[in-house]
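What follows is a group of structures, each given as structure tokens.
Next come two complexes built around chain A: one with chain B, the other with chain C.
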Partner chain A sequence: MSSTALIRIALGAYFVIFFSYLLGPLVVMSLTAFNSSAFPSVSPWACFTYEWFEVLFNDKSIRQGIYYSVIIGLGTVVLSVSMGLAASIVLTQIWPRLRSTYYTMIIAPILIPGVVLGISTLVFWDRVGDFLGVSEGSLLDLLFHNGIFLTILGQSSFIASYAMLVFVARLQRFDPGLTEAALDLGATHTQAFRKIMLPFMRPAIASAAVLAFLASFENYNTTTFTIVDYKTLTTVLAQKVRLGINPSISSLAFIIIALTIFVALAFEANRRNQARKNAVKEGKASTPKKGFLPPFLRGNPAAIVFVALAFVAIGMVGTAQQYSPESCKIQYQEAKQIEIQRRIQELQQKRKIRDQSGARNGPDIFVTPPPKKVQPEGGSGAFGNVFDPGNLNSDKNN
Partner chain B sequence: MKKKMIFSEFFKNNGVVMGSLLMGLVGFWLVFLIVLPQLSMLDYSFRFNLPPAEQGGPKDVYTLSNYQQLIYGSDTTRQTYNTVDLMVFVRTIIAAMAVTIFNIFLCYPLAYFLGQSKGSGFVRLLVVLLIIPYWINEILRAFALRIIFGDSGLLNEALMLLHLTREPIDFIRQDIALYAGLGYAYILLMLFPMYNVIESLDRNQIEAARDMGASWLRIHRRIVIPHAKPGIASGATMVFMLSAGALAAPQILGGPSSLWFTQLVYQWFNDSLNWQQGAAYAIVLLASTIIIVLTVMKAFKVNMGDIGK
Partner chain C sequence: MSSGVAIDLENVWIKFGDFVAVREANVNINGGDFFSFLGPSGCGKTTILRAISGFLEPSDGRILIGGADMAGIGPNKRPTALIFQNLALFPLMKVWENIAFSMEVAGASAAERRKRADELLDMIALDGQGDKLPSELSGGQKQRVAIARALCANPDVLLLDEPLSALDLKLRQHMRTELREIRRRVGITFIYITHDQGEALTMSDTVAVMKSGVIDQIDTGHNIYDHPSTPFVASFVGENNLFRGKIKQISGNEAVISTRRSGDLLAQITPSQVGKLSVGNEAMLFIRPEALELSDSKATGKTSISANVVNQEFEGNSFSVFLEGDGGKQIKMSVPNLGQDNIAAAGENLSLRYDAANAVVMPVGELASE
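On to the complex of A and B.
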């Protein structure tokens, strides 16, 4: 009995540790976005402020970075999803003996370090330019040294593997008889693909596209080599973080985290709705349960997200107009000044005391370790304190 | 001849247009994005770093000097070893292994719990909570840890408040922040493969073993772990490869005096502009990590086909 209780307690503690390791840093980072202190921190809490969001929105390099990240993301989605789909279809049809070799080849890019992929892409297209003998400044030469082109290729080389895994999972449930039936009824192969395979794969294509876009958006290792003279959001952030951090990055993180939570909850709500609808269809569950949301929102996660975002935006703008952190900041500055004054005084006090004892001990060259207790009598130590630094002086004084 | 048969069958199954489209896409990916770039990097790593005018000239011959640089440094007599770079290399590999093992132990209990408690709302919520950090940018996650581990960061403030330490501990210089960050960055790649395999384990097997009187430890050793082996191997492979090849976490969380091997590669490329040298270092990293992964997989009798499931 007590042993099961012990296991429960251990399990609970482990859960707390795991989730605080996973989520704690994100919570702390989000909080720092609202602290007015110039170094991102929470523990000496200065003032609640929105100013870092303003700094963020006025940051041109971040806007530029987002723009290029989106372009590269879209290119990567198109290329990697189509390559992944083709590779997964080929995998279902390939000669069985080649199958495992082929699978190893298309799964390998996931395992190759991103740094290596970036370098090899950069080197290879530079070589292709040399090989084709393109002249400096010609169209092809510009293309082969263009950061966007290289980044899309470099990222697609491994993101296509992720997409392929999504498609393989879906293809396992595909009935090839459907395609055969279409062919028998006189459809061309292209028609059969467009009318049968694509509709069947649509959910997988959607999730692979989302996955590919996210993977491209947050990629750093490959991009930092292939991007050449452009900047994506991730490389801009990396540069900022390395050069010196300030809370405007936290405010960006807060926005991303908030969006992520909304999207994740919307997906989850959507999944539950779907499951309930299926259950109703099969007659297992009779009436839809009463949710905490009004009916027009139920079953429409996008609306939930929209309403929630609108509330947050209204709340932020409203409080930003009502509340100004300036007075708080002045107060905080004053408090800080007083604190500094107090510390200076403390230090002066200490120095005074030390100077007084130092006057008896002679020149104050033994600052560390702190001055030992002067023993004017001497003789309590084994060697009568002959090694005491103040010994010579005190002898003289005596 | 046989190849021709395969191809003709392939085109018969898919039609000429679709067949060549599929073949073209897969071929482009495999040849132009994977195989040829790797080969050209390998070729590059055996060449001298020459100014553009001398490229293709008589001096442009193959050489081992880029690899000798890693082992002996710039010393031409080859008496002393390049201890700095070699130490960085060894440290990278060992630390990546340690991070992998740490992640296995941290994730296994949770994966078991999630995999065996089927479909309750609470478990779904936990899974959603787990996915959220994975969608946050790698740089931002490293940044979050930096806020916590900084000199006046939350952790130091907390430790000093509790009087556990009087001076702030320099987590960054002592690489504690780096290891925590590496473990943090790829922990979900360990958790989800494990969770997927354990979820497919039939609960009755565990109950049968329990009825027969097997101890808690024995159930895990004889039933759960053998079943979860492909998932553990897949997660461990990914975590090891990604941490050994990580660049963001060492750049942001690493101490100023300690380097990660990828940072050396980065320096050769972007600071010294010696691509050939950088390519040689990258090849060493790639080859050694692949050899390690294959050796470990062989030792634990896991197939390549299990990866990514």
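On to the complex of A and C.
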């Protein structure tokens, strides 16, 4: 075998391993959302079901968590994008000698652990309230102890730094001569900013906003301290995991994954279409020839996946209305019962045999193993039952 | 269109920390003039332009536009329009929006702006291209859009910062003509910054030659070339043969220089230095290559030089002959191409002569670095 073939195989193997490491957990997680087993698991596969989506949509705490997560996310986007933009503009205009110091200062929140940011935000605003002498129950006092207010500030304190990094990258390509040209043509500084700088920064603002929203949405470390009596999705999930989870969380994960892929593909498809249009405009590419695929799909794998995904979604909704997992569930339950019965009988038989031989060979020094405790379906063995709330008690008893 | 407005720099100093970018500039620019600042890069000419347009304040002195002191007035309030070296067209705006930007910030309606932009597009021969983006235009077209954008603001003064330096030779020559044409049409004051003496001499009514922050000479292009007032101007503008020596004799505005290697040479004292030189002073004498000619006789007067031909180059409209005088003195002579095959063979000894009126003598000073 030639060495190039070997390298190619090794490279292929590497990609398979890399992508299964990267995407494997997501696939497994998504599959568990469709297994009727009460604990998130893939094997043993019980029944194909959509019931966890129903459980999810009926779970008030998750719904509320998502609601507050979105509100906080939007607040964080507004605050951190404006702070990041201001910080990056200052960075390009500040005296060169101060620049590195300023940069370090602005970037520091990224390096500080989120937990510290959370606690210090909480403490700081409490102190601010004290310092201003706001009376208990007054509007300011309520604000300084309001979970949404504190969480937006706490998260923005470091998400603004991320946003700034995005802006700085874009600003480095900005020609300050453009602002000067605008001023020279009679624009005020505000007009120059609004008509020249802001349109130039628009793509960066969009990506910083998406970044800020996602960072806010998935944040736990800071939020858990600043959220006080509210709940975000992450804190709700953390709470659920502590008390034992069911696959409705997998179904939420599946929805988020699907949405992410959907948006990413739509974005990519749009970008490619735009690039193609520009290429055609500049005469660098000819308009595509007619093929059997509609023009939207031609030469665009992202769009093909996109459409396939849409079909799957439609198919899912369709089958959900037709297909009922109830009969399967009953079957599975029965099969399980039979299996359990069989094992009990087996054990009893074994014991009988042992008793007989024990009677022959003298006293039995081994403790007879107790018959296997019949577990409720919820504890069918995944994760070594660590999430089974009964564990703590049984450990104590043993 | 507004008519030209005069600009005066009174004793202007511009410093950046300890660095003096412009030293004691005194310039009077007449309304409607085409005025050029000529100098090597880093001589402070762009700094002067930025001070006139209001992007920086002079450290000392006054800038007057149309007689009004501009201190404390920002670039957006001055009646100037600047054409940037890199043009600085707004990349995200269409061509017509670029041109009408000054009206947009003044609050004009889209229809008004479009109408004016179309007029200007007509003027710069780009009609029908208004809906393109600047990136879709060629270099020369962008140049014209930048000029139209500046003119749209109805400025009293148009400032141009080496606007032609990025263009190729043919286009540059074409744009020179076009700029002159535009200037004739709008009749406003043009202030032009360049390091290209050709541009400065062909287009300007008046040229100011600058050297490291100091204005050496302000004069017409013709005078700058024929009567340079300092060795820097003489060596920076055009080509020149330099002879160093001591002044032997002065009579009126003529002087005889006893050069180190080429004997005694007669020359005119440059007008600004008449009466300031005295016998025995060190001096510099400049003779243009085209002022030298072949002499038939082997005369050894005070306006003739003997030299051996080293080599010659054909330049199209002329021959450049490189000679070596006594003691290895390098001399360049330019002979117009009138159909000769050859000027002289290498190694041939030639006798050169010149008119004393075409040679200038001046006190010793700094030269332009090659």
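A few points about this structure:
Here is the rule we go by: the second predicted complex is superposed on the first by the 328 of 398 C-alpha atoms of A that agree within 3 Å, B and C clash if a C-alpha of one lies under 4 Å from a C-alpha of the other, contacts with A are read in each partner's own complex, and residues count from 1 in each chain.
Here, a residue touches a chain if its C-beta (ideal position, glycine included) is under 8 Å from a C-beta of that chain, and two chains touch if they have at least 3 such contacts.
Just so it is clear, the model here is predicted, and its values are computed rather than measured.
Superposition note: with chain A as the common reference, chain B and chain C can be accommodated side by side. In the superposition on chain A, A:123 makes contact with chain B only, not with chain C.
Contact with chain B, but none with chain C, is seen for A:264 once the two complexes are overlaid on the shared chain. Measured by the number of chain A residues touched, the leading partner among chain B and chain C is B.
In the overlay built on the shared chain, the residue A:114 is in contact with chain B alone; chain C does not reach it. Look at A:188: by the touch rule set out above, it reaches both chain B and chain C.
Applying the stated contact rule after C-alpha superposition, one finds that A:199 touches chain C and leaves chain B untouched.
Superposing the two structures on chain A brings chain B to within 9 Å of chain C, judged by their nearest Cα atoms. Shared contact residues of chain A, touching chain B in one structure and chain C in the other: 188.
Contact residues of chain B toward chain A in the complex are 6, 10, 13-19, 21-23, 25-26, 28-30, 32-34, 36-38, 40-41, 44, 55, 106, 109-110, 113, 124-125, 128-133, 135-148, 150, 152-154, 157-158, 184, 187, 237-238, 241-242, 244-248, 251-252, 262, 265-266, 269, 275, 278-279, 282, 285-286, 289-290, 293, 304-305, 307-308. On chain A, the positions that touch chain C within their shared complex are 175, 177-178, 180-188, 191, 195-196, 199-200, 282. Those residues of chain C lying in contact with chain A across their complex are 53-55, 74-77, 80-82, 84, 86, 88, 90-92, 101-102, 104-106, 136, 149-150, 153. Contact residues on chain A toward chain B in their complex (touch as defined above): 11, 14-15, 18-19, 21-26, 28-29, 32, 39-44, 82-83, 86-87, 89-90, 93, 95, 98, 100, 103-117, 119-124, 127, 130, 153, 156-157, 160-161, 165, 188-190, 193, 214, 217-218, 220-221, 224-225, 233-234, 237-238, 241-242, 245, 249-250, 252-253, 256-257, 260-261, 264-265, 268.
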